[in-house]
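Chains: A, B, C and D, in written order; residue numbering restarts at 1 for each.
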Amino acid sequence: MATINVGLIGTGYMGKAHALAWRNVGAVFGARPDVRMHTLCDATPELAAAKAAEFGFTRATADWRAMVADPEIDAVSVTTPNALHAEMAIAALKAGKHLWCEKPMAPTLAESEAMAAAARASGRVAILGYNYVQNPLIAQARALIEAGAIGDVNHFRVEMDEDYLADPDAPHSWRSERKSGYGALDDFCVHPLSLVAHLLGPTKEVFGEMAKPYADRPAGAGRRAVETHDIVTALLRLESGVCGTIMADRCAWGRKGRIFVQVYGSKGMIAFDQERFNELQLYVADGPEETRGFRTILSGPAHPPYGRFIAAPGHQIGFNDLKTIECRAFLDRIEGRASTAVDFEAGLAIERTIHAIARAFDDGRWTAVASLSS
Amino acid sequence: MATINVGLIGTGYMGKAHALAWRNVGAVFGARPDVRMHTLCDATPELAAAKAAEFGFTRATADWRAMVADPEIDAVSVTTPNALHAEMAIAALKAGKHLWCEKPMAPTLAESEAMAAAARASGRVAILGYNYVQNPLIAQARALIEAGAIGDVNHFRVEMDEDYLADPDAPHSWRSERKSGYGALDDFCVHPLSLVAHLLGPTKEVFGEMAKPYADRPAGAGRRAVETHDIVTALLRLESGVCGTIMADRCAWGRKGRIFVQVYGSKGMIAFDQERFNELQLYVADGPEETRGFRTILSGPAHPPYGRFIAAPGHQIGFNDLKTIECRAFLDRIEGRASTAVDFEAGLAIERTIHAIARAFDDGRWTAVASLSS
Amino acid sequence: MATINVGLIGTGYMGKAHALAWRNVGAVFGARPDVRMHTLCDATPELAAAKAAEFGFTRATADWRAMVADPEIDAVSVTTPNALHAEMAIAALKAGKHLWCEKPMAPTLAESEAMAAAARASGRVAILGYNYVQNPLIAQARALIEAGAIGDVNHFRVEMDEDYLADPDAPHSWRSERKSGYGALDDFCVHPLSLVAHLLGPTKEVFGEMAKPYADRPAGAGRRAVETHDIVTALLRLESGVCGTIMADRCAWGRKGRIFVQVYGSKGMIAFDQERFNELQLYVADGPEETRGFRTILSGPAHPPYGRFIAAPGHQIGFNDLKTIECRAFLDRIEGRASTAVDFEAGLAIERTIHAIARAFDDGRWTAVASLSS
Amino acid sequence: MATINVGLIGTGYMGKAHALAWRNVGAVFGARPDVRMHTLCDATPELAAAKAAEFGFTRATADWRAMVADPEIDAVSVTTPNALHAEMAIAALKAGKHLWCEKPMAPTLAESEAMAAAARASGRVAILGYNYVQNPLIAQARALIEAGAIGDVNHFRVEMDEDYLADPDAPHSWRSERKSGYGALDDFCVHPLSLVAHLLGPTKEVFGEMAKPYADRPAGAGRRAVETHDIVTALLRLESGVCGTIMADRCAWGRKGRIFVQVYGSKGMIAFDQERFNELQLYVADGPEETRGFRTILSGPAHPPYGRFIAAPGHQIGFNDLKTIECRAFLDRIEGRASTAVDFEAGLAIERTIHAIARAFDDGRWTAVASLSS
C-alpha cells in the first residue's frame, strides 16, 4: 500500500490524539505507507469543518455512516464514547476498512463479541487504543521478562489511580450511570489488564471487589445515587499459574495518571509508574550484595522506537508519542508485519475478564474467565 | 513506680532491639520510672552471661521460668520464636509481670486467645511489638485522618514486601514448615493489619488469596516441599464500611523493608513507605489547582517524640528508635497513661483477622472476622 | 498573516525536532497562521529529497542560499552546526525572513553580535532554540517567583549534566577541538543561563572554573589532546544582587538530560529536574510546621499550554512538545504577540556571559559581563 | 584498657547525642572496653545533676576544669559552643585525656592550630564529631571509589542546605554575629569538606563566594545588621587534580538536613543525599546500554557496621546511630586500631581550607590552602 487514506470519528481528547498520531507517524518513522488525512467526522458539520482545518484533514462531515462507506477511505479511527463503538466499528469493518478503535470495546460483552466477530469476518486489521503497552520501556520490560532477566515470574500487582472523580461535590454525570458500564472496572481496569496480558499472558480466573466512595452526587437541586463503582480490586490467577492483583480507583486524590506495575520473579523484580513513564525500575539479584539495588533506567535510543523521536536519551517522550507508536503498530499490521498492537481478539479477552470480575463480585466467589459469554 | 526491674528473654535480632530500647528509654525521654536492666535470659548460661555483659544486664540466666517468677522483676520482654510466646507470656502474666511480647502472638488462635485471657485476668499491661505504628509520622498520619485533613476515608492499600526468602535456592527451613504458621500471612500481614487497625479501625470481613512462588526448596541431598505461602493478598471490609487491600510477599527481590501504605479520602490522600519512614506523603485538595501536589513531609521535632531523639528536623530516626518509642509507650501504660502501644486485645483482633483470611482462602469466600474462634 | 511558508535547514536531531514542531503547531494550538512546509534543505539533493518526503516538505534543495533568498518563504529554521549559524542567520535576516535558529548563536562573540545586529536591522523576528524555558512548569515556576510565592529570591543553583562524552575511550571528535568552542561552557551552560535569565533576570558579573576530565582521546592509531573543557562551574552575581552557581558536565556518567534547578527565596523554594520535566517541586513556608514539605506538582491543564496537548493531567508531554511550544512562541512573535521565545537580544546576553566566564577562568578573577565585547 | 571512664561537657543537642552514643556503644558493638559514664558537666550543678540522672552518668558537676583534671576520667566529650572548644580541649589533652570534640574546632585558625598542637604533644587520641563520614554507606562509597568502581574520579559537587535560619523575621542571635565565625562557611562547609577529604583526599587551592540573604534581622525594637554569611559557594582544586564545588546555605527553605554529594568518575558516578542517608546511588557504565541506570542501594548488613544495629536490611539506622559508630571509631583509636574517626590533624586541614575560602572571598582570587597559617 503506497498511500493510506484515513477517516477519523471524534475530535475530543482521544480524537485529537489520533489526529496528531496520524500527522506524525510518517515524519517520525520515515516509513511508508504515505498517510493521507482524508476525512474528519464529528457531530455537526461546523465542528467537523473547524477541526478538520486545525488537524489537517482534507474533508469534513457529520455523517459517519457515509464516511465509513466512502470507498476512498482505507482506515478508520473511532474515538467516540464507548456506547457508540460497536455500531461504528462493525459498520467500518463491514465496509472493508482497517479499524483503530479506542478502548474499551463496548459496554456489553455481547457487543464486544460482535465486534470481534466482525473483525474476524472482515479480514481487516482491527486494533484497540491500549496505548500504554506501546511505551518503549514496557517493551523493554517484556523483553527482560522473556529473556529471563528476573527469572520465573511468580507474582504481580498493577494499580491504576486518577482523581478526576475524586471531588464528592462534582455533579452527577453519565460516568456514574450504570448504562455507561461498571465504573472503574471497564473505564480503568482494562489498562492494567492490557499490561498484564502483554507482559504475562492470559488470565484464567478472577475474584472481584468493588466499592462506591460516594453514594450520591449533586444533580439539579438535589442529589442522585451513584450507580457505578469508582473503586475496584481484582485478584487474578493467570493461565501460567502466576497470581496477582489489579486495583483501580478513579477518586484517588492527587493521582493523575498513576499506573504502578510490579512484577516479581525468582531472580529479580520490575517496577514501573506511568506517572514517570520514561523510567523503568529493575532489580536483578546478582553481583555482590553490597551494590545491589533497584536501578532507574531512563528511556533512550536503546529502547526502540524512542530514537525515532529524540536522538538523546533521558529527554523524554510524551503521552501523544505513545499514540504515534500505536499508530505505527497499526500500520505495521496493515502492512502484514507483526506489531504490539492490541487487536480485537486480545481486546475481547480483556472484556471477558472485565465481565468475569463483575460476576465474581456479584457472586462473591472465584470465577473462570472462560465461563463468560454473552 | 520509681524504678522498674526488667527481664528480657532472647538475645537475637529482636532481643537486641529490646535491650537497646530499655537502655535508651530513660536517657531519650528523660522520664521516670528508672529502668533497671535486671536479668537477661537465653538458651545457655554462657550465651546469657556474655550478652548480659554486652547489653548491660546485671544478671543472666538460662531458666526463663525462674526469671519470670523472680519477685524483683516488674516487666518482661519476650523475643523468642513465635511458638514459645504463649507459654512464656502466660507464665509471666500469671506471675504478675507487665509484658512486652514480640509479634505475632502465637501460631494458633487458641494460644492467642489464651494469652489475651491471661492478660485480662492479670490486670497487668501486656503489649505487642508492633513497632511500625510507633513512628512519629504514623502518629501524624493518624492525627491528620482524625482531623479530617483528607476528608472521609474511603479506601486503603497496604503492601509489605521483603526478599529474605526470595532466593529459590535458599535451603528449606522452619519458615517453610506449616507448623510455623501460614507463611507471609502471620509473618508479615500482621504489620499491615496493625497499621490498618491503628489508622482506620477494626476489620469486619475478609477475602484471602495465597500463593507459593517456589514449590520446594533444597533439603539435604534432595528437595523438600514448601508448606507455607510466601505471598498473600487479602481484601478487607472494615466495620466503618471502608474497603481495602493488604498484600505481602516475602520473596520480593529488592524489597528490604517496604511497607507501602496508601489511604484515600474525600479531600486528600496519604502515602507512606517504611523504606523511607522519615517521610510522609500528603495530598490535600485545596488551594489553586496549579500548585497542588503530594508534599513530602520530613520527620522532625514537629512530630513528637522525634525531638526527644534529635533537635534538628530531617536528620532521621532509625528502626531501633521506633523500638525505644514503643518501650516508652509500654511504660506509659504501666504508669496509667494512654499510649499507642498495641495491647493484647488489639493484638487478638489482628490474630482473628489473620485466621479469617486463611479460612477465606480455604473456602474461597468472604469470611466474617467475628466468625473466628478457636 | 494567513499562511506562513517555512524553510528548514538541517535534518539531524534538531532538524527533525523543528520539522515535527512545524507539522504539529497548527493541530495542537488550533491557531493561525496556516503553516506550509515549503522547502527542506540539507547537504545533498538526495538527502534533502528523502527527508522532505518523510517530514512533509513540498520541496527540497541542497542550496541554502537559494532557499533563504526564495521570496515565497516567510520563515527559516536553522539547525546546522554552530559554526554555520552566523552566515545562514544573517543571510536569512537580510533576505527578510523571520528566523528560528538553534542555540547557541555562534562560536565567537563577534559573530553573535553580528547576528544580533542583523536581527535588529531586519525588523524581523529572530529567536533561538532555548526550548527548556518553554516547559509549562517553567512558566509556572516563573509565575510563582513573580507572584512572590517563594518571597524574595536570594540564591540559585543550576546544574546540567549528560554523559555523551563520558566514555574516555570514545574517539576524538570536533567536539574536543578548540575551534568548536570552549566545550561544556557554550555547549551546555547556555541552557542554565537561559533559565537563569528567564526566571531571575540578567547577570552582572561572573567567575569561572573549567576542567578536562580526560587529557586526550583516541585518534587514529594514537591519541590526541582534548582542547575543550567538558566540566564548567561558574559563579554568578545577577543585576538584582542575587548570587548563584551554574555547573555543567558532559562527562557525567548516568546523567542523560539532567538540568537541576534550585531557586531559594525568603518564603520558600523551587526545585526542578529536566529528567523529570513534568514535575515541579515547591516548598512554601506557611501552614503548620508538621505538614510542610516539598510538594511535587505534576504537569497538567492547569499549566498552559499543557492542555493543548493532552486533556488529562499527569499524562506527560515530551521533549518534542517543548519544541512545538517554542514554535508557537515564534509564531506569536511574528503575529505581534508577546511570548516566551528567547530572541537574539536575550541570546546575545547569554553569549556575553559565556565569554565572560571563559575570560574569568583565564584571569582567575571576577569579570563583569558588560566588559565583554568582540 | 578494660574500662573507660567518660566525662561529658554539655547536655544540649550534641551533648545528648554523645550521651546516647556512650550508652549504646557497648551494647551495639559488644566490644571492650567497658564504658563507664562517670561525670556529666553543664553550666549549673542543678542542670548537670538532672541530666546526669536522665543520661545515666554517675556524677554531675558544673566545674569542667575539675572534671577534665579528674584522674579517674579517661576520655572527655566536648559539646559546648565552638568558642569554648579550644580552652576545654587543650586543658583535657594536657590532663592526659582522650578527646572527642564536636566540630568545628574553633572560630580562629590560631586556636585550631593550638588544639592540634596540644593533641600532638599529648600523645592522646583527639577526634572531631564529623559524624556524617561514619555512615556505612559513605564507607561503601569510599570503598567503591578506592576499588575503582567508578574509574578515575574527575569531579565532585557537595551541597549542604538547611532552613533553620531561613525565616527573615527570626530574631538576630549569636549565629549572625561575626565573632561566632563566618557563618555557613564554618557552621556547614566543614561537613562537605570532611566528606571531600574522606572520599577524595586533601584540597590544594580554593576560590570562595559568600552572600547574605538578609541584611538585617529583628533585634529588640529595631533591626540589627547580620554580620555573617548564610550562603557560601567554594570552588576546590584537590591535590589529586580533581576539581569540584561545595555549596552551603542555612536559609534554604524546606531543606532540613540535605547534604547532596555527587562524585563523577571515568566509569561511573556516585550520588548520595543525607536526607535519605540509608540510600546510596550508584551508576556503573557496564552491561548493555538498555539496562543501565542509577541503582538505589539500601543500607543493610552488607554495609558494616549496619548489622550491629539491625539484622535486617532496609530497616534504616538513624542519626544517633551515626554518633554511636563515631564513638566506636573513637574507642578503636584509643585501643590502637585504625578507624574512620576524623582526628585533629585531619580537622586542622579542614579548618585551614575554611579560612582559605574566606580569604579567597575577600581577595577575589584562588588561594592555596597551604598559604594559610595563623
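The working rule: contacts are C-beta pairs under 8 Å (C-beta built on N, C-alpha and C of every residue); 3 or more make two chains touch, one makes a residue touch a chain.
Please read these numbers as outputs of a predicted model, since none were measured by experiment.
Note: the chain lying farthest from chain A is D, by mean C-alpha position. As a whole-number value, the distance joining the C-alpha centres of chain A and chain D reads 53 Å.
Averaging Cα coordinates per chain places chain A and chain B 41 Å apart.
Note on chain placement: the centre of chain B and the centre of chain D lie 35 Å apart, centres being C-alpha means. Counting only residues that touch two or more partner chains, chain D has 255, 292-294, 298, 300.
Taken together, the touching pairs cover every possible pairing of the chains. Across the complex, chain D is touched by residues 150-151, 154-155, 157, 159, 163, 166-168, 207, 209, 211, 213-214, 231, 233, 235, 243, 245, 247, 249, 251-255, 264-269, 283-285, 292-294, 364-366 of chain C. Contact residues of chain B toward chain C in the complex are 140, 144, 149, 280, 282, 288-298, 300, 302-303. Those residues of chain B lying in contact with chain D across their complex are 12-13, 16-17, 19-20, 23-24, 26-28, 30, 51, 54-56, 162, 164, 255-258, 275-278, 298, 300, 309-321.
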